[in-house]
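Two complexes, one shared chain (chain A), two partners (chain B, chain C).
== the complex of A and B ==
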């Protein structure tokens, strides 16, 4: 026993080492791709920005000075290397538009986004999995079909449209909930509903189809024929079998929710990183766009690694390759 | 599906799916045909007739600038459907080429292609699309480019996995032994076998590409005004929500119908193509 555990630990360790190295490669590729965006941008960013700041067309000297100041006169790879060197030290560059450092802006806003996404996922898990259990238990009844129809609707409703309808009902007509901003638990309710509805539905569908699938397996049928109750069959065979796909889905949805905040934060004026990112995109603030893409990539890769760790913990049979 | 009765049965058992599919097909047909035959100009303003309720003249009423909402929703649909068609065509071609190449050659090329796909799949497409639009500026072709570049990787992965599975199947091996060239096998055996699974994914994606277009339009980064677009129409509607729902409901419902209908279509196709695995 002890020996086999040692071997497994070694394999697990090598697996994570490889995954981590691969993640670093992905991060480098993504950040490089986003860095090269500046070179395919139409128009010279230096000219545009000085124009925006001073309100008149810049002289060549001004452009040259700006380029030297931001290091834009060096070759691409040198620029990228310099950027990377600073990024590793926590300096993500500064906004062309406002001059503030990206890292300090992100530090203020990241918590807000994380709060929104975490609450959304908790709500999705609390509502999605039990409703899936319910649908599976009452398979092919009216309740099951009703939940199916609801979840199909939930996936199809555009979140920004739902946001408008909810704001209209709860903020404008009933005046129960604030329509935008941050500050209290009440501010969370509408964004969480908009962001979470589709996730509830997806968790619901997967839970139901997983359990129904296990119940149709021959070994479960034979166990049931020998007198195993349905409840015990679920606990012994159902839950262990659906655990891995559900955890996979939760991590996928978590990434999706972070991407979803980009629109939802804009609807509800929620001061998170999505709001900041769109603002940068609107003003074509390239240093911020670059830094944010790299940051998002880092967040998603961290999520993938966490998912891998979760698999090893919940499923002893997992193949590490 | 030899005779007609099972299909009728399917419709009865999947009423919700059937309604969704029918509505979406109706919306597609109306969007493609109505703007061509209607004499109303979707961008023509008439401030004297702004924010009107539905009437015989304006079936869905008018918006804050007095433009007819029905023709705007359908023209916007035309643009969205065209855009998503182009995006999906590019994704399909690019994905099939990369997937085939990776699956058939194997080795280093396979590794490189799939790692590239992994990079794209490691984070949501919306972010890369936004970054590209932020760099290139908004516009129809930039939107197409940004979405196509982020949408092909799942197709490459799907095609590769199918090719790998088929490559070792007996009939392909037999064809090879009989002297069929790689190109012949690809054309006669691999591509036809891919049509089914790829169609399921394509029909699922139609709705989501349309959602992405609307989302980008909503952020002001998609198709630019005065051309009507579902996302921008919703943004326009926000200040006038209290005064009436005629501006808020149609664009949102249109997106909803497209996603619902094409999701249902995808589920139905999947069930029809894989009757065994889905028989529960």
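== the complex of A and C ==
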């Protein structure tokens, strides 16, 4: 099986077509649900926004004016349709709160979050998988148990607690690293450690258990009894079998990380989408919330599709259907 | 053979992963939107702990939110940033009196309806445009024509067509009736501060923040920092610092970390970047920082739904006031940094007086007595009952707005239980809270008053206004037609003695009717890095006063 399989095969083409259609359906459903939920949630954007802006409740006239201006007085379906029409053209509206273009704000902030998450995942892969290999190779030795203990610790420590601890040590006491902000490699170090530690551990655990599991399979044991070296067993049987679960995990962690950085972004004043989203919800800032929900959905869907592509490349037994 | 193919697959997979991840951040930076983009590769702000060149004096302030586009006629930008670059005709002094600002003097007609301002000469905006009466009129016309500002009493009272500019340095306004707080309202950070007419484009849209203030805007990286530099042609005393940086840090703990690590020099202030009270011990212990406090301007109050039973009975409200131990709350919840309330506003609010401090003592027995008088008797479970119904109520708490609200509510819940009232706490966010109030669907709620320069007039005119209640029954802590009359009389007074006497009557009415239950007065809390000298609090929480700050060597 080669990579050319991907491009020429009709099955693959149908797969992508089906997947794309389903993705669109999912995005539509998700965005409609989110619009509806905000619509029925207590708290009227007009009251909140005018109230928070002027420091006091708006008069009924002010509320009516706001609602007309933003089309909030129309029925739910009409409003949703209007949003959708503009969204597919790339116009995500203007934030109710600040009036700035949602699309440009999201683009910039998403870029910052993506940077953080990507570096975190790379670090997790570079440290997590090799350490898992080590642990499996030296199974049941001190090294293996030590790595195991570290992994347990890494998963158990809450990321924000670790954040404060690291800030205390490296920013306040030693003054080696900045405590917040974005802008240089130094700014990435602490947030990446906080976000990455648990992910390193998860990849490590999965790699180790996968390899140990394969080594324990009867066919591997018989092959080894007949003279197959451990190294060859790993290469021929170990790696291929763990590739799919590891790829799944990587994409799952990546998608989850995009959504889960909000606490770390807050603590490190990292200008990403997490905090932006929470503020938008508080203010019932409809255009922003809609854009964010659609974005998160798209990220998860993209992650899934990429994972599927990866499976096809790795494992010839998998067919795309 | 199989090995070879496997390696190809793995390397292709890795390549795909790397390409996807490597391309993503780059693509984003290439499609940057114009001016308001974050420069993610921009150099970080100069931390104060590194030694700057000997001529640089940089003072960094941690702010909780992005400063905003700095249009003084909208409500998006933050107060301290607006007050750095914009000035008003008059200033609010530390003692609450009004002093000259862009107007060097003013006259008020004997009937209190005509105000004439004599403007300072030789003042220019940050781009060199001259400041004069035409610019002032342009500013007022601009926001007086916007109904979004109708919540400001001056907006309603001024005769909009009456603004005259008899010469370049004189502006007059006419009001439909005398209003004692006219000058006070002129000191607000928005909207009455003066923007340069050259700040707008051909269609009249705001494009550039240009004011007359001692500071003008330098660099601005949205969501990260805003840099202010001194305006060389400022008419007043020039600041000593060479740069002020507003650094955006939304998490309160992260602000404290940044102060302790030397990256920022100032944190605190309700509208800048608040400090959680629990962190005071940490700040106290650190030898590199000092805590600066001042008398607070606002009050934490408990308001009750006075239009319905059981709180429509003034005896019940008075009882609740007696049932609360304010001393414990001030000492324990606020680490001694708050003062017990003796009236609805703190002493820093002008014209405040305390005719009945005895009503604010902690006297649970008196509370029980009053409740009994109102017809409530304790049932077997200790909860009061009347006509078969229990005294149960709900207390709404918006913990986000004021973090202390939650712990305060819990204490109050316990204290009211002691006298037989069963209070359930309902934590809500601002959206749900405003909904509940609009539909009058609440029993009790926490509130915080605005503080100077908005009080006493905005508090009285908006939070305690009965006529507003009938228009839209929301956001009113307490109202009574008689209070409205007393308030209007006080607002129209034209001499100081009349005024104080009229306000005394207002406070007396509020005390005796227990319109709300004031609990404690807030504290103004800031922490400064010790490398900065001469830091003092602004005359109100709504602005900072940085003009005399200097940075010494560490």
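Here is the rule we go by: the second predicted complex is superposed on the first by the 303 of 321 C-alpha atoms of A that agree within 3 Å, B and C clash if a C-alpha of one lies under 4 Å from a C-alpha of the other, contacts with A are read in each partner's own complex, and residues count from 1 in each chain.
The rule is short, and it goes like this: a residue touches a chain if its C-beta (ideal position, glycine included) is under 8 Å from a C-beta of that chain, and two chains touch if they have at least 3 such contacts.
No experiment lies behind these values; they were computed from the predicted model shown.
Enquirer: Per the contact definition in the header, classify A:153: touching chain B only (first), chain C only (second), both, or neither.
Expert: After superposing on A, A:153 lies in contact with chain B but is clear of chain C.
Enquirer: Have a look at where A:164 lands relative to chain B and chain C in the superposition and call it first, second, both or neither.
Expert: Both partners, chain B and chain C.
Enquirer: Is A:40 touching the first partner chain B, the second partner chain C, both, or neither of them?
Expert: first
Enquirer: So in the superposed three-chain picture, is A:19 touching just chain B, just chain C, both, or none of them (first/second/both/neither)?
Expert: Touch partners of A:19: none, neither chain B nor chain C.
Enquirer: Considering only touches as defined above, state whether A:111 meets chain B (first), chain C (second), both or neither.
Expert: In the superposition, A:111 contacts chain C only.
Enquirer: With both structures superposed, pick whichever of chain B and chain C touches the larger number of chain A residues.
Expert: If we count touched residues of chain A for both partners, the winner is C.
Enquirer: Using the touch definition from the top, say if A:187 reaches chain B (first), chain C (second), both or neither.
Expert: So A:187 only meets chain C here.
Enquirer: Give one of first, second, both or neither to describe whether A:172 is in contact with chain B, with chain C, with both, or with none.
Expert: Touch partners of A:172: chain B and chain C.
Enquirer: Just to be sure I read the superposition right, which of the two partners does A:282 touch: chain B = first, chain C = second, or both, or neither?
Expert: both
Enquirer: Please work out whether A:266 is in contact with chain B alone, chain C alone, both, or neither, and reply first, second, both or neither.
Expert: both
Enquirer: Name the residues of chain A shared by its contacts with chain B and its contacts with chain C.
Expert: Residues 41-42, 164, 167-168, 172, 266, 282, 284 of chain A touch both chain B and chain C.
Enquirer: Which of the residues in chain A come into contact with chain B in the complex?
Expert: Residues 25-26, 29-30, 34, 37-38, 40-42, 145, 148-149, 152-153, 155-158, 160-162, 164-165, 167-168, 172, 212-213, 216, 255-256, 258-259, 262-263, 266, 277-278, 280-282, 284-286, 289-290, 292-293, 296-297, 300-301, 304.
Enquirer: Going by the contact rule set out above, which residues of chain A touch chain C in the complex?
Expert: 1-3, 41-44, 47-48, 50-57, 59-62, 65, 97-101, 103-105, 107-112, 114-115, 118, 121-122, 164, 167-168, 171-172, 175, 178-184, 186-187, 235-236, 239-240, 243, 247, 250, 266-269, 271, 275, 282, 284, 306, 309-310, 313-314
Enquirer: Under the definition above, what is the set of chain C residues touching chain A in their complex?
Expert: Those in contact with chain A are residues 2-3, 5-6, 8-10, 12-13, 16-17, 20-21, 24-25, 28-29, 31-33, 36-38, 40-45, 47, 49, 68-69, 74-76, 147-151, 222-224, 247-251, 253-254, 257-258, 260-263, 400, 429-432, 434-435, 437-438, 450, 454, 458, 462, 471-472, 474-475.
Enquirer: Of all residues in chain B, which touch chain A in the complex?
Expert: Per the touch definition, chain B meets chain A at residues 16, 20, 115, 118-119, 122-124, 126-128, 130-137, 207, 211, 214-215, 218-221, 231, 234, 237-238, 241-242, 248, 251-252, 255-257, 259-260, 263-264, 280.
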